[in-house]
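First, the structure itself, so that you have it in front of you.
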Amino acid sequence: MPMETVFSVKPFLAVLVSLIAIPGIISSRSQNIRESWTFAAAGIKLVLVLSMLPLVLNKGVVEYTVFQVFPNLGITFRVDAFGMLFALVASSLWIVTSIYSIGYMRSLDEHSQTRYFCFFAVALSATIGVAFSANLLTMYLFYEMLSLATYPLVTHHQDKEARSSGRKYLFYILGGSIGFALPAMLITYHFTGTLDFTGHGVMAGHVTSGTALVLSLMFLFGFAKVGIMPMHSWLPAAMVAPTPVSALLHAVAVVKVGAFSVVRVFTGIVGTGVLADYNISLVVCVIASFTVIVASMIALSQDELKRRLAFSTIGQLSYIVLGVALLSKSGMTGGMLHIAMHAFGKITLFFCAGAIFCATGIKYISKMKGIGRRMPITMTAFLIGSLSVVGLPPCGGFISKWYLVLGTIEAGHIAFLFVLLSSSFLNAAYFFPVFYNAFFCSPEEMLFEDKVNEAPLWCVVPLVITAGISVVLFFYPQPFLNLAKLAVQNVLGG
Amino acid sequence: MKILGKLTILLCGVLLMVFAMEFPNWGDPESPASTHLSPYFIQHTMEDTAVPNIVTSVLADYRGYDTMFETTVILTAGLACFLLLRIERKKIPHRYYRHEPTGVTLRMEGEKYPKNSAVFQRMDANWVPYDFVISRTCRLIIPFIQIFALYVVAHGHHSPGGGFQGGVIMGASVILFAISHNLRTSIKNFSEKTAALFSVTGVFIYAGTGALCLLFGEVFLNYSALAPILGGDRVMARSHGILVVEIGVAVAVTAVMIWIYYNLSSAGKQDEGL
Amino acid sequence: MESIFSLVLAKANYAAYIILMMIGLYAMIAKNNLIKKIVGMSIFQTAVILFYVSIGCKKGATIPILRHHGHPEPVGHAAENAGAHAMDAAHGAEKVVAHAVDAAHNAVHVADYINPLPHVLMLTAIVVGVATLGVALALAIRVYNTYGTLEEDEINQQLRSG
Amino acid sequence: MTRHLPALIIVIPLLSALVTSGSGWFNQKAPFRIAVSALLLSLLCAVLMLIQVVTTGIAMEYRMAGWAGPMGIVYVIDHLSAIVLVVITSVSCLNLVAQRKNIHAEFKDKQGAFNALYVLFTAGLIGMTATGDAFNLYVLLEIVSLSGYALIGLGNTRAPLATLNYLFLGTIGATFYLLGVGYLYIATGTLNMAELTTMIPKLMDSGVILFAFIICVTGLFVKMALFPVHGWLPDAYSQATPAAAGLIAPLTTKVTVYILIRICMTVFTPEYTFDHLDISGFIVLVAVVTIVFGSLSALAQKNVKKMLTYIIIAEVGYMVGGFFLGNRLGISGAILHIINDAAMTLALFLAAGIFIWKTGGESRSDLKGLFAKMPFTMAGFVLAALSVVGVPPTCGFFSKWYLISGGVQAGNYLFVAALIFSSLVNAVLFFRLFEIAYFEPFGEDEDHAHGHGNSHGSHHHVGALAIKEAPLDMLVPFLAACMALIVLGLYSGTIITNIIQFAIPTGVI
C-alpha cells in the first residue's frame, strides 16, 4: 500500500509553537496578556495539528528532519495516524485545560503562576514531540524533556510534601528512562542499526528470543510513565500537584506519553511479529492484567479523591498496553482508541475534583456527602466521566472497551476477557459511591451549608465541555476511530 | 606508609632494572641514539649554522623552539613565585634614621629617606647588620664574576657555555651581593620592577626575534631570514641570530633568578630577608 | 658469574640512575617534612637527567664542539655551500645516513664527538627542574605561613582539629 | 599568512603574555584587555585552521626554525588537534571574559602576573596539542603545570598545601613521561612523532618500547587523575579561585586525555596499543573503577565545587575507558567527550563562580532559593547539569551514546553499566542541588525554613521573589557556554562525520 509522504515543516512548528510563546509568557506585564499568549499558542498548535489531519486520514505521512545527529539517525518528525490520534487529544485538551488553569490558579491565588504557565507550555511541546517523533531517539529526547518540564509543575507548592513527591517522581521516571530505556535503546541500535519506527518493527531477524524479551521488558518498565506495576507509585505521589496539572499531565500528557511510547516501541521497534513469535506479548499481557486488577483494588481503598483517580488511571493505562499486546485487530484498535477515550473521561473527573477543591477546599470522598445538591453541574459531569471510564454507554469509554473485549475474543485469550470485565466492575464500585454520596444522602447527613456554590465559571465551563465531548464521542467516534483503525492497519497490514 | 613506600620503590626499581637490561651498553657507539640523529647534527652544524659548538647550534637553532619555551618556563616560575608570595608592603608611616657622625636620630615621614645615605643609617628591628670584610670582599669579586658571565654568554658558540649558563652566573653575582649585604641594599640597586621587566624583556628578545622572522616572510625562528639586518649570508645570519637569542636567554635567566631569590628569601615581603 | 658482572658493569649507568631515582621517589613518598620531599623531588628529576646524559655518551668520543673550527677553510667551505644547504633543510631521516658517507671529506668524524642531543634536552630538563623547585619552595613558604610548620603529620593534625 | 597559522596561534598568546606581564607594572586594566584580545586572536587562528583542515582534508605541517622532520621541531595540525585547539582557545577566552570581576577582586595589583600566567597556561595547552615532537610536548607540559600550580595555589588558605601535593604528583607524572620519551629515544634515536610511528612497527616485540609505553601512559594517568592516582585533583581544584578553576578544570584533564590518545595512536600505533598489547581490558577496568569511585565520592560531598571535581574524575574514566575499548565508536565517543566535557565543565564551574560571587559560600546549602533569585543562571545551571547527566539534546547525551555503543560493540557490559550508573548518580547529585535551590527559601535558616514548610505564605515575601541576577559580564559568557552545550549536541553528527572520523586511523574498526 503506497503511502503519500509529504515533507513539511508543520510538525516541527507544532512542537515549537508553545516554546516560542514562552518568552512572551515571561515578559508579559499583566496576567491577561500572559494568558492570551498561552491561548494563542494553544490555538495555533491545534490548527497546525488539524491542518495535517486530512492528509493523515488519506493514509499520508508528514515528515521533517531537524537535525541529523547520527549518520543514519536524526531528530526527525513523522506524523502518522497513531501520532495524529494522540496529538489531537493532547492539543485539543490543552486549550480546555488552559481555561481551567486560569480559573483554578486565580481562584486559589497560587504563587509563581508565570512559571506554571511556562512549564505547562514546555510540557505540551514535549508531548506533541513524542507524538510526532519518527524514531526512538527523538521520542526519548522529548520523553525526557517532558519528565523534566513536569517536575516544577508537580512540585509547584514547593513544600515538604511536594519535595518528597517530586523526588519520588524523578526517581521513577528518570531512573526508569536512564536505567532501562536508554540502554535498551542503545542495545537495540547496536543489533539493528536503526531506531526508526516502522510498520513491522526492526528487531525481527536481529535478536534472539531472550534478548527480545529482555529488551521489551526494559522498554515496558523503562517508560515508567505508563505506570505498569511496580513502576507505578510515582503517579499517586504526583497528585500533590495543582489539579489542572494532575488533570492534563496525569490524565493526558504524561501517562499517555508513557502508554504511547510503549505502544510505539512495541509496534514500531520490537514489531508485532517478534512479540507474537517469542511469546513476549503473553508476558506483557499478564503483567498488564495484574496491574489492571491490583490498581483497581487499591483504588477502592483510597479516600482522597485524587488518589483514587490516580489508581484508576494506573489501571486504565494498562488497558492500553493489554489491548495492544493482545495483537488482535480489535484489541489494538481498542487500546489505541482508549488513549483518546480515557483522556476525555479522566480529565473530566480531575476537573471535577479540582472544582470541588476550589469551591470547598475538600479533598476526601468521605467528606463530600451531599455535595451534589450544591454543585449539581460538577457532579453531573463527574457522573458522565465515571461512566466513560467504567465503559458504559452513552459515553466514549464504552467504544474503546467494546473493542478491547472483542480483541480478547479475537485473540482467543478468554482469561483476559474476565480481567477486563472484573476490572469494570471494580471501576464501577469505586466511582459510583462518590456520585451516590454526593446526591443521595439524607438531609441530616449533608455536610454542606447553603453558602457553598459552584466553582468559578472558568472552572465549570471546561468540565462541561469535556463531559460533553465524552458523550459526543459515543455517538460520533469516527475521527479517533478511523485514526486508530488506520494505525492498526499500518501495524498489522491488510 | 614507609613499608608500603619501600615496597613500591623496590618493585619499581627491580622492574626498571629488568627492562634496562635490554638497553644498549653504556657508551655503545652503535646504539640507535648515537647513529640515528646525532651524526646529522655533528656533520652539518658548520654548514648549516657556522657554530662549532653543536650543543649551542642544536639548542638555539635546530631545537630553538624548545629553548624558547625553556626560557618561558623560567619566566613562568618567576611569575609564579611572584604571584604566590608577593605581599604588598605595609605603608610605614615613618622611619627613624641615625646620623652616624653625631648620633642624632631623625624621624622621617612616609617613604622619604635622607639622600646622603652613607652618613644616615636606617634604624628598625628588622635591620640586619652585615659584615664589613665580607661585603667589601664580595664587592671586589663580583665584577669579575660578571665579566666571566658575559664571557660565557658571548663565547657559547665556540666553547661550553651559552645564555643559560652565563645568565645563571650573572644572577648568582647579584644574589651574592644580596647575601653579602642585605636584601634592601640589593633591591635599592636592582629593584624588583627592574628584575621583572628584564625577565620579560629577555624572553621577548627571543620570541621577538622569532616573530621578526615571520615578518620577513620566513617561518618562525628561522634566523636566516634576518640576514638583511644582521649582516652576512644566510648561514652567518643563523649564527648571529643564535647570539641574539642567547643574549635574550641570559637576560631572562639573570633577572628571573634574582626575582625568584628576592621573593623566596623574604617570603614575598621584599623588605629584610636573609 | 663473571658474565653477569660484566653485564651489570656495561649497564652501570642505568643502575645508577635507577638507584638515584628510587631514592628520590622514596623521599617523596615516605618523608614527613615537606622540604625533604622537595629535595627528594629534585633528586628524582636529577636521576632522569643522569639517564639522558648517559645515553649521549660514546666510547672514545669527546665533547660535541668541533675541534677544527679555527681553521679558515672548513668554515669558508661551509659558508659557500651553506646557502643551498640551509634552503633544502628538509632532509628526510633516511637521507641522514647518506649524508654521513657523502660528507666524509668534511673531516668531521662522527665517532669523534658524543651525541649532542641529550645534552640539549637536559639543559631544558635542568631548567624545568629549577623552575619547579622554585615554585615548590614558594608554596612551602605559603604552607609554613599558614600552619607554622612543615611537618606533614602536624599539618594534618591541624586540619583535622580545625 | 595561512601557512603561518600554526605558529601564530601560539606565538600571539606567548608574546602577549610577555606584554601583559610587563604592562601589569604600569597599569592594572591593560593586562586583562591584552589577554582577552590575544586569546580572541588565537581563537580566530584555531577556527581558521579547523576550516582549512576540514576543507582540504590534509594535515598542516609547520617547521619551526625551518628545520624539517626529526632534526627540528614540527607542528602538525590534523583533524584531531584542530578541533581540540578550538576547544582550548574558546574555553579559555570565554572563562577569562566571564571572570573579569572575580579577577579584579581577587588579584588587585597582580593583574599583570595573573593574566600573563593565564595566557601562558593557554599557550602551553595549545602547544601541547599542536606539537609533533615528543620532547617539545614535555616542555609545554611543564609550562602548563607550573602556571597551573601558581594559578591554583592562590586560592584559599588550604590551597598551597593542596597545590604542593599536586606539584609532587604532577612532577612524578611529567618525569615519568620524560623517562618514557627517553626510552623511546634509546630504542629509536628520534623524538619526532611521525618518525616514531614508522619505526615502532619494526620494534613491536622490544621490551624497551613496552616499558616506554607503560611509563608514558602511567605518567599521563597521574596527570589526568585516573584512579588510584586521583588524590591531588579534588583538593587542588576545589581550593582554587573561580577564575583559575574555570580555566584549569575544563581543560587540563581533557588535554591530557588528548595527549594520551595522541601518544597511543600517533606514536605507538593503534595496532601496538590495542592489538599487540593485551592491556586494554585492564585499563578499561581501571576506568570503570574510576567512574564508580568518582561518582560515589561526588555523592558524599557537601561542597559544590568539590562535588564537581569528583565528577571530573568520573568523566576522565569515561574518556579513558572509551578510548581503550579500542573500537571506532568508543574512540569517537572519547574524542567527542573531550569537546563536550570541556564545555560542560566550563559551564558548571562558571555557574559555581557565579554562586560564589553572589552568595559568598560554596556549600550546598548556599544555593537556597536561587531559582527564585537568579532564574537565568539557574536555567543555565540546569542545562549544564542535564548535559552531565546525559539528557538529550544536550551534548553530554551524544558522547555518552557513542561511549555506550562502543561498550556494547566491544561486549564490555561492565563499562556500559558503569556509565549508566554514573548517569544515575549524577542525576541524584544535581537534583539534590536543585531541590535545595528550589524548595528552600532564600536567606532563611534551616529550622526557620522548616517551620514555614507548609504555608504558601512564606514564598510571597519580598526577599525571595526579588530577582537579583549575576552581573551581565558574568551571565552572558555563562549562558553562551550553556547554549554551546545544546549546539554541540545538535551538531554532534556533523562533528563526528566531518572531523572525528578522520582523526581515527582507518585501521581501527
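First chain written, first letter: the chains are A, B, C and D, and each begins at residue 1.
Simple rule for what comes next: a contact is a pair of C-beta atoms (placed from the backbone, for glycine too) under 8 Å apart; a residue touches a chain by one contact, two chains touch by 3 or more.
The shown structure was predicted, so the numbers you read here are calculated from the model rather than taken from an experiment.
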Closest chain to the centre of mass proxy, which here is the mean CA position: D
Of all other chains, the one whose Cα centre sits farthest from chain B: A
Chain centre separation (chain A, chain C; CA means) in Å: 72
Geometric centre distance via CA averages, chain D-chain C, whole Å: 30
Chain A and chain B: spacing of chain centres that average the CA atoms, whole Å: 75
Whole-Å gap separating chain A and chain D, where each centre is the average of the chain's CA atoms: 43
Per-residue overlap in chain D, given as positions that touch at least 2 other chains: 63, 66-67, 70-72, 135, 139, 142, 146, 149-150, 153, 160, 185-186, 190-191
Junction residues of chain B - those touching two or more other chains: 16, 23, 31, 33-34, 36-38, 40-41, 63, 66, 70, 73, 76-77, 80, 84, 224
Contacts with 2+ other chains: residues of chain A: none
Which pairs of chains touch, using the document's own definition: A-D, B-C, B-D, C-D
Residue ranges of chain D in contact with chain C within the complex: 63, 66-72, 135, 138-139, 142, 145-146, 149-150, 153, 157-158, 160-161, 163-164, 167-168, 171-172, 175, 178-179, 182, 185-186, 190-191, 195
Chain B - residues contacting chain C, complex: 1-2, 4-6, 8-10, 12-13, 16-17, 20-21, 23, 25-29, 31, 33-34, 36-48, 50, 52-55, 58-59, 63, 66-67, 70, 73-74, 76-78, 80-81, 84-85, 158-160, 164, 224, 233-236, 238, 260, 263-264, 267-268
Touching residues on chain C, where the partner in the complex is chain D: 25, 28, 34, 37, 41, 44-45, 48, 51-52, 55, 86, 89-93, 96, 117-118, 121, 124-125, 128, 131-132, 135-136, 138-140, 142-143, 146-147, 155, 159
Chain B residues within the chain D interface of the complex: 16, 19, 22-24, 31-38, 40-41, 61-66, 68-70, 72-73, 75-77, 79-80, 82-84, 86, 88, 193, 196-197, 200-201, 203-204, 207-208, 210-211, 214, 218-224
Of all residues in chain D, those that touch chain A in their complex: 386, 389-393, 398, 401, 404-405, 408-409, 416, 420, 423-424, 427, 431, 435, 438-439, 450, 453-456, 459-460, 489-494, 496-497
